[in-house]
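One chain, chain A, appears in both complexes that follow, with chain B as partner in the first and chain C in the second.
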Partner chain A sequence: MGKTVLTVDDDPDVRLFNVTVIEEHGYTPLEATNGEEGLSLIKQEKPDLVILDVLMPRESGIRLYRNLKTDKKLKDIPVILLSGIAQKSFLRSQKALTQFGGAAVPEPEVYLEKPVEAEELAAAIKKMIG
Partner chain B sequence: MDKILLVDDEPDILRVLSISLKADGYNVTTAQNGEDALVLYRKESPRIVLTDIKMPGMNGIEVLREIKKIDDETEVIIITGHGDIESAIEALQYGASDFINKPVRDEALSIALKRAKTKIAINQKLKEYTLDLEQKVADATRKVRRQANFQSKLIRSSNDGIVATDENLQVVIYNPSAEYIFGYARKDVINKMLASDIYPAELADLFREEMNGPNGAKEIPWKETRIISRNGDSIPVGFAGSILSEKGRKMGSVAFFQDLREIKRLEQELLKNERLAAIGQTVAGLAHGIKNILHGLKGGSYLVDLGINKDDTDKLLRGWDMIKRNISRTSELVLDLLSYSKEREPEFEDCFPNDIAKDVCDLLAERAKESDVEIIQEVDASIQEVSMDPRTLHEVLLNLMGNAIDACLFDEDISKHWQVALRTQREADNIIRFEVADNGAGMDAEIKRKLFTSFFSTKGHRGTGLGLMVTRKLIEEHNGTIDVNSELGQGTTFIVRLPFQARSQS
Partner chain C sequence: MEIRKLLFVTKFEKLGFDALQSLLNLRDVSLNHIVFQNVIERDKVSMRRGTGFQKEEAIRLKERANIRFIGWAEHLFEQGMEVGVYIVIGKLVPEVIKATQKEAADLIVIGRSHKGVLEQLYQGSDVTDLLRRTAVPVLVYKHLSEDSIHLKNPFERPLLATDWSPASLKAIEYLKPLKKVVQQIDVIHVVDEKELKGTSAMDIQKTRKETRRKLDALCDIFEKEGIAARPHVYVGETDEEIEKAARECQATMVVLGSSGKTSWVERWLGSTPQTIAENSVFPTLLVPPEKQ
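Up next, the complex of A and B:
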């Protein structure tokens, strides 16, 4: 059975694109439309990889990422962050959040800026989980 | 003790008189002729001289004249022969203080001496008074000069341009700051130009009117205006002035000019910086929006390629849909940007605001139904046909109502019966209050703070982040206001107040 990859994005276009790329390369896709749904799916299905949009309504993407990386059982699941904001801005915002008393979170395994090529995404998935 | 010089060619008289004068307490020196008298006079400087008029050699008149030449204040009493009125008159003409007739009687002598002494005392007093007066005048002059100097330094060193005129508006004071503002040299202005020659027409008229108006001082309050300097520059200044008057009579005018060039320059710079910051923000937000769209287009192309290569119609169609969706997102973004960047004057037209509200609700009915949101309309029936910009109202209400439905859509509490209400209410004589209230997701303080700034969208892929910016811009162009109350999880209420005018035709 193929490895599972969860894509969490509020944009149906992005989900469709991600799911297609995941399927085309022989993985099993899972989808969630927001952070809350994503977290419960992760707990339930234990996917091998999560592709996450950081910029979703109510900051649920960032919350999901921080919840994931501070959870002992889940923190080893690799994450590809896929976002419209530059990596630098994202890292800076995380540093600021940590300074405001949040737990320190590690940088994501892979950070991709939108728009991303299908090959690029596929290569990143392959690099993470083979 | 008073010194007296006694001059007579007759030694007997000298002896008798000097005994009598010494008895009266005088310090007496005697001389038997005019020449000796003058030598003694120089040596002793007596204040009173008593001289016989008829003497061999230098006579009494000559002695008198010589002494008066030396010291005008010496009292010279002439002793004349009986009936020699002519000599007595001559002596008086030359400044003798008195004359007594021979034979000299004690009473006459003592009266003459007493008078002489009184005169000396009065002279002395007068001299003291004069001296004192001169001293006082000198002191006062010094003080006045110091004050005038201080004031002129004060005027010179003032940062404000100060221009003072006489009652004919002739410039009499014109300090270096005024020189700097007006550009005319001090020497060309003072006593040569009229204030109306250098003031802008508006101020010149004002001063002329005030000068010709009713008597009494008058303050011209601070205001901003522009000066045209000598070389034609238009210089922004703060201006305040006064008509000066003394005892109710106008005596001139004074005007203060504060150079606002630097302040205006800083204001401009600040505005520019703010605009640059806004552009930076806009570009950053725009880049984000465009990246999302590009991502959608790329994803679509990927699906289309896949569909073609694998002959998979389903993928092909889904890819094509994706491309079409992202094309329409592009046009939405561009339209929003256009309407935001365009300066627009509201166009007032007769319209029924309640009807516009109803149109908006009808337009959104389907979208609301899809999202399980009930739309409630509560309109104030007293609002009839008025004149306002119907397009502004339509776009504002459409945007806020659309947001309100979205706010319900994003609400996580699915146990709620979601409602969006649109209420109209006539508030003041010329204001209508529009209220758009939802019981959806609500906002926290952070989101409320960012609400009207560009490209802040909580809607993820759905929003361009421009909607509320455009809404606020439209409302402000219509001289209206927008306020928001929101509580996280409870809902949000936007209150828009728009002024209207009475409808144009009755």
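Up next, the complex of A and C:
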């Protein structure tokens, strides 16, 4: 079985796009529609890579990213942030949350701003998990 | 009863980011999560003869809302807040109810109804429809309305109008934890003139005294929480007197328990919360009774 890649995004069109790219390059796709669902799937399936949106209902990617990177068992799972939210805003938000007493978290391995080309996403996945 | 999560329902016409920003003082109490919602009414994208479902128009409207929300979200994320978004095609009230339930929101913020008089008469207003179907308080916000001043903190000086109903008492519980953002609460009860007809001066004074005593008891509840509270007795038409009191007390918001009237009665005879929510120049926080 190929390596698993979880895509967390509330937009079904984006999930379909990501899943297609993931499958076409020989990986096994998993899907979640918000941060809450995403975290529970990560704990259950331990994917090799997570492609994460930021702005979602229930729980945003910002919260999920923090939860992931502060969990001893999960923090080494690489993450590609794929969002319409600017990278600068994402980094500032993490800084603000750290200032409010949260733990410091590392910057994401890859940050792609939507919309992304299939080749660009595939290259990022390959770079992260081979 | 804390306000941790707020559902901000906007069509972008009246309620913009400046309105939302004026509510961010609630962060001093417990607010840490804003959920944006834009409901695209079906008739904007519905089938028309020869064109079918207007998919391109639907995409255009959704993306336009998305671009606005991304800008707002970036601003809030940078302040360390949690943000969520719903952009959906459907009917306003059912979609707001769905999002409120999914998110377990503590407060719904919405603009005043855009329906005309006839439409409201036959279909009811969005606000009253919403209040009948949720136990979550609804703030009808009028940040950019023609008469109102631009408020920095609408919760600074609320005027609580009470009719002693369970919903009015629930409103007290809702305001109690807001000490850090509330400067003073004015508590008012309007005695209907009909109640005074044919009675002597002594009886009228008795009514005033009894009302005042009950208001004092409510003020004591706030004072115990460290919030300054002042009682006021007014006499006359409820809607008019509440508006008058809000101006005289320099209130920044009117707070009311919503009625338990049936939709039919409310549509044809009106209700105080409905009238004030639709007509007052003040932002109006409506607290519905607990749902069975």
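Here, the second predicted complex is superposed on the first by the 128 of 130 C-alpha atoms of A that agree within 3 Å, B and C clash if a C-alpha of one lies under 4 Å from a C-alpha of the other, contacts with A are read in each partner's own complex, and residues count from 1 in each chain.
Operating definition for what follows: a contact is a pair of C-beta atoms (placed from the backbone, for glycine too) under 8 Å apart; a residue touches a chain by one contact, two chains touch by 3 or more.
Just so it is clear, the structure is predicted and the values come from calculations on it, not from any experiment.
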item	value
Superposition on chain A - do chain B and chain C clash or fit	clash
Partner chain in contact with A:E36 - chain B first, chain C second, else both or neither	first
Which superposed partner A:G84 touches (first chain B, second chain C, both, neither)	both
First (chain B), second (chain C), both or neither touched by A:M56	both
Touched partner set for A:A118, first chain B, second chain C, both or neither	first
Touched partner set for A:K75, first chain B, second chain C, both or neither	neither
Partner chain in contact with A:S93 - chain B first, chain C second, else both or neither	second
181-189, 199-207, 253-261 or 271-279: stretch of chain C that collides with chain B	271-279
Contact residues common to both interfaces of chain A (with chain B and with chain C)	10, 55-58, 84-85
Partner chain C, residues of chain A touching it in the complex	10, 54-60, 62-63, 84-86, 89-90, 92-93, 96-97, 99-100
Of chain A, residues touching chain B in the complex	10-11, 13-14, 16-17, 20-21, 24, 36, 53, 55-58, 84-85, 113-118
Parts of chain C lying in touch with chain A, wherever the complex brings them together	35, 66, 69-70, 73-75, 77-80, 82-86, 99, 102-103
Chain B to chain A touching residues, read off their complex	288-289, 291-292, 294-300, 302-303, 306, 315, 318, 322, 325-326, 410, 412, 441, 458-462
